[in-house]
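What follows are several structures.
Look for chain A in each of the two complexes below; its partner is chain B in the first and chain C in the second.
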Partner chain A sequence: MNSPPFSPSEEGIWNEQIRRRELHRCAETLVGLAENVQLAEDFASEAPKILAKLIAETAKMLADLVKEIVPAQDLGQINALLVFITPHLRYVERARVSQTPWSIVPSAEQLFKLGTNSKCHFVIRPSWAYNYSIIGEFVGAYQNCLSALSWFPIAEWKEKVDLKNCASIYCISFPRIERSNCLLHANWGHEFGHILVGKWVIDEFAKAWASDEAAIKKQIEDHVKKNLPRNLPPVDSLFREMVIQDIVAKEMRATMEVAQQGLVELLCDRVSVHIFGPSAIAASLEFAARFVLDVSPLQSSNYPPWRYRLRKMLQRCKSDLLENRDTGYPKPEINAFIEWLRIGQRLTEAKRDLEVIELHSTTKEAYNFIDKHWEEVAEKVISMLPPELSKPYLLCEHEKAVVELIKRLQRGIPPNEISHLSREPASFQEIMSSAWAYKMGQIANKPSWGGADDFGLLFRLVLKGCENSFVHSKWGKEIAKIDEHTVQEKP
Partner chain B sequence: MSTLSKKSLEACFKRREDPLIMTPILSKRQIGDVSLDVRLGNQFVVFRTHRFGIFEAIGQPKEKFQPRKIQELQIIPFGDRLVLHPGVLVLASTFEYVSIPKDLECQIEGRSSWARLGLQIATANSIEPGFKGVITFELSNVSTVPLTLVPGIRIAQLFLRKVHRPMKNPYSGDRKYRCPIGPEFSRLHEDYDWKIFSEGKG
Partner chain C sequence: MEDLGLIAELFKTSSTLVRAAASLEKLGNRKGEFDPSEKEALSWSGKFLLAMDWNAQKPSDPPVSGGLALQATSVRPTFYSCLFRMAPQIRSAGMQSEKELISFLINLYKYLISPGMPSKGSKELSSENSKLGASLLREIAESILVQINNNGLPRPFTTLKDEWKPTANELTPFLAF
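Let's turn to the complex of A and B:
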């Protein structure tokens, strides 16, 4: 005899039992995975372990709560939460030393912490896509999701994940194939910029847009009216004004999106140049050379054309590209690099990107908006940096140190300190500048330079330079203090 | 050949032409009376004993000489530790990067404080004039208890000696280990006479 079909309440009970059991099992599995990956202990910094701990502790609490406390109607949310959290573990797994340029990870993280705060952590991992990107922030995202659940003990969670010492976690990606090409990783400056620029967008973009919205709308409306097809279909002709307003509304939305995305990318470039100076431009130039320079934002997910971006970056470095007869800048060691950047400048003198932007009213109005607000907004974003990073990195101001580091590279020595026995480790930015200047010098002066061995040696020396400089700056001072206060050991 | 004293070492560091370089020197006290103390780096080549019963270094063609099958690279971050068990050999390197001038030859030796605990640091302990890079150690624990090592500790000493009639371009040509920044896997198969004896093609 067939059993009668389930009533809705019976089905609910059946479903709840399975969900509680399976969600508990999944959460427990996630705890195990997250704890195991922490045990690997081969990360270049603490950040991946901190992200793994965040995942493990969150999953552990969900696993405990899902057995009884979670109301039946919220089980779907637990499922969604686990689906959201679980893939984040891949960022931890990919941050192991065998996958990353581990020698420069501590230096980069130290620099980014200086730009945000010491409780901000950066997981650096490769991606197979040929792209640099930033993902996050994880702590805030988890907190938002969990706070929405009335039954979730958020105070206990904050304590377990040690929120006092873990304000935020970001994941910065780089193209896997460029793992050891540390020169290109100056592009991390752009990704770091997203943290500052993201804050500006939340706080200020709407205000800036609102102040110009009416004027932009008028321009777009005029354009739409002027270009409306003369022979509108009969129905459309009856509602001519409604058709116009519909098109204008769509174009306004598109214009705002192009303006916002364009401004974000350009501001991130600005932050990158501010921190790394010409190295950031060089990294962008080499990266951009793989792509078409003048693609309309409408055909590239609202990204600005590369030529436009490079022009804005180079404008910021003008003083580095000028000769200074009084100081003798640029010295022969960096001259080829400066010349190469000047070629980049010539590249941006062509206006094909601007022509592409002018072609469409959406991009035209968006970039008029960007131009109008550029200087003020860029200044505001840079002012968000702490005092230690408020001064832009200018190559001309660091020339002496960079030339010393280049001389070391020329002799096959890592560029980790300004001069031998100086006790003055080179900064991450100085090392990057020297590496770019050395590379461009070799390319300009030695036609045969550029084989795998040449690049391999350069990358090795720069990686070692970054590692030594980091260790030197972190432990060197303490060791020097002991030097001053203790008596010489007996041999 | 005589061993360089502290004054001579300092003079070699400071000379303009082909100076002796050891970078970075975190403590002035690393420059001893007749030696230079070097620190332990953070890269280690360890054996993967669980996969292979035998590794035949000889008796097979060049392309089959693949030490990565039996060894792998491990990174121990500064501030972390490596436990070296009795009877185990790992390749390690100096933290400092050195450049040996063409008129000097270098010998690496363990520090006696470590030797007393059973740590041996090198069996191939001569570094030729003109060498640049970190120096590879062959660390082994010959005691009966595990030893804990941390990157950054002073682990060995370099002794430098003058070379009689230095060469013009030492350490040039087809050298196997050029500017290493960590311990490198063996390149025995790149020996100029490898084929003659190992493949029996003499």
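Let's turn to the complex of A and C:
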């Protein structure tokens, strides 16, 4: 027997019943998962638990509301919201102590908090994909989504997620296979840069784009009209002009995306070099060497070609690559490292990346936009760093300390303090610089160096150095007081 | 960076368009007045559509603010795709030429920007045109949601990108021949 088809209202009722029931069940399940993970797992910092709490509280409120209060027209939005937040729980699960280079996590978090604020939290987790990335910002994104729903009690939500003590949460990922290769984790400087640059994008990119949009549109429109195929297939009479506008609109969007992503990545590189100095460049050089250097942004998710990025990074480290006869820079301990960076500089003398950019109107217009705004924007982003990080990290200015740390590595001692008697913990950046310089020195001077044991020892020493230095910087003063007290008590 | 802020912005845009579509449908069915939250959603949607539609903009119009310009650039191709998909409905509403379609759209934006208060040069929206306008808003809202959640389907692990045809494989209204 054939039944008549549903009327739109009957279909609506069928849809609503299933959605309310199933969305409620899914939201409740999510609450359970997010609460369990907070209790059952062991983490290197509080950040993963804070993210789990955000997910649990949000899901709990949605579960309660979806039963009756959510209007039928918004059930699709609730589905989208649950689909959006549920996978975030995997970042919490993967941040367990056993998955992360836990000894370096507190030092990294301390540095990132210095660059943002103490209410900013960082979940550090591995990913099986071979790349570094940052995801965020969670609190703001959740708040923005929820505030779009007129029936959602946003004030109650803010209280429940304790917004006063949790300004923002980011998740920073690293390649799982590089867990112990802490030298490569200098790439976290780039990921940290995304936080600053993200703020700039919200405030400034839109203005810059709006001011240049008309001129860019004109260029693209001319290009599209000139290159339209002679034998266009017949077009629906409703849309004769709109067909061309559609093509221009897609080109405009592509250009904007290439310009935005290009500018953002280059700015993050700039922040990374500013904070870590040559270690940031070394990490990028080793990472980039595994891939093609001159791939068009249109083929690589709008990222600038590696060669373009390396050139811009190396320009910021010129003074570290120059000899200074007055000061005797670079000392023999770091000479091999500097030589290796100079080879990187020769790599960027080739201009194949620029040719690739010039070949396509989208990348050409996007990089014209980047060139036009680069200097001003880069200065603005660096000026957003707090006073403690406002000065660029130059190896030539830290040479003495770094050489001390290299000597410790050479003796098989963790590079955690500049001098045992001075009670001065080494900074995260100095430890990284010494590790890179030591590695390049070994490679240049000992052809047999580079086996798994050699790397393993170096990584363990550096990880230990970071951990000790963190403990030292956080509790050093109290330990010193106890030491003094003990000395005084001795007869 | 996987920018959750961008996803949140798209979600917000979609939610506001859904609310505006429901309000416009109410007008089409001649059911009651708009409340302030509906008026706000309608007005924002009107400004947003106006920022997207190059045909409706005049050189004398004040420049679009930065944030809206950026959002409009992102969503504009979706706007055209939605219009192309709605060709049968547009024809059923009696429009046969691009000129008539543009005139309908301009009138729709004017109405949305000042809901319930027809501005200079704009006509009251007929019941049929209100429903057509609501369909357009809903179509754009749903298309945005599909971009966020891929409609429940897995995303392809890898896609081969042809850098010379970034617009390939998207719907354009070329007639089958």
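The definition used in the following text is that the second predicted complex is superposed on the first by the 396 of 491 C-alpha atoms of A that agree within 3 Å, B and C clash if a C-alpha of one lies under 4 Å from a C-alpha of the other, contacts with A are read in each partner's own complex, and residues count from 1 in each chain.
Criterion: contacts are C-beta pairs under 8 Å (C-beta built on N, C-alpha and C of every residue); 3 or more make two chains touch, one makes a residue touch a chain.
None of the values given here were measured: they were computed from a predicted structure.
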| item | value |
| --- | --- |
| Touched partner set for A:102, first chain B, second chain C, both or neither | first |
| Chain B versus chain C as contact partner of A:460, first or second or both or neither | first |
| Partner contacting more residues of chain A (chain B vs chain C) | C |
| Which of chain B and chain C A:411 touches, first, second, both or neither | first |
| Touched partner set for A:468, first chain B, second chain C, both or neither | first |
| Touching partner for A:76 - first (chain B), second (chain C), both, neither | second |
| Which superposed partner A:450 touches (first chain B, second chain C, both, neither) | neither |
| Touching partner for A:328 - first (chain B), second (chain C), both, neither | neither |
| Which superposed partner A:386 touches (first chain B, second chain C, both, neither) | neither |
| Chain B and chain C footprints on chain A, overlapping residues | none |
| In the complex with chain A, residue positions of chain B that touch it | 13, 19, 21, 23-29, 32-33, 73-75, 77-78, 80, 95-97, 99, 132, 134, 152, 178-181 |
| Chain C partner contacts - residues on chain A that touch it in the complex | 71, 73-74, 76-77, 79-81, 83-84, 133-138, 140-142, 144-145, 147-150, 191, 194, 198, 202, 205-210, 213, 232-243, 245-247, 249-254, 256, 264, 296, 298-299, 360, 362 |
| Touching residues on chain C, where the partner in the complex is chain A | 1-5, 7-9, 11-12, 14-16, 18-19, 22, 37, 54-55, 63-67, 69-70, 73-74, 76-77, 79-81, 83-84, 87, 90-91, 95-98, 101, 142, 145, 148-149, 152, 161, 163-164, 166-167, 170, 172-175, 177 |
| Parts of chain A lying in touch with chain B, wherever the complex brings them together | 41-45, 97-98, 102-103, 106, 411-414, 416-417, 420-421, 423, 425, 457, 460-461, 463-464, 468-469, 471-472, 474-476, 479-480, 482-483, 488-489, 491 |
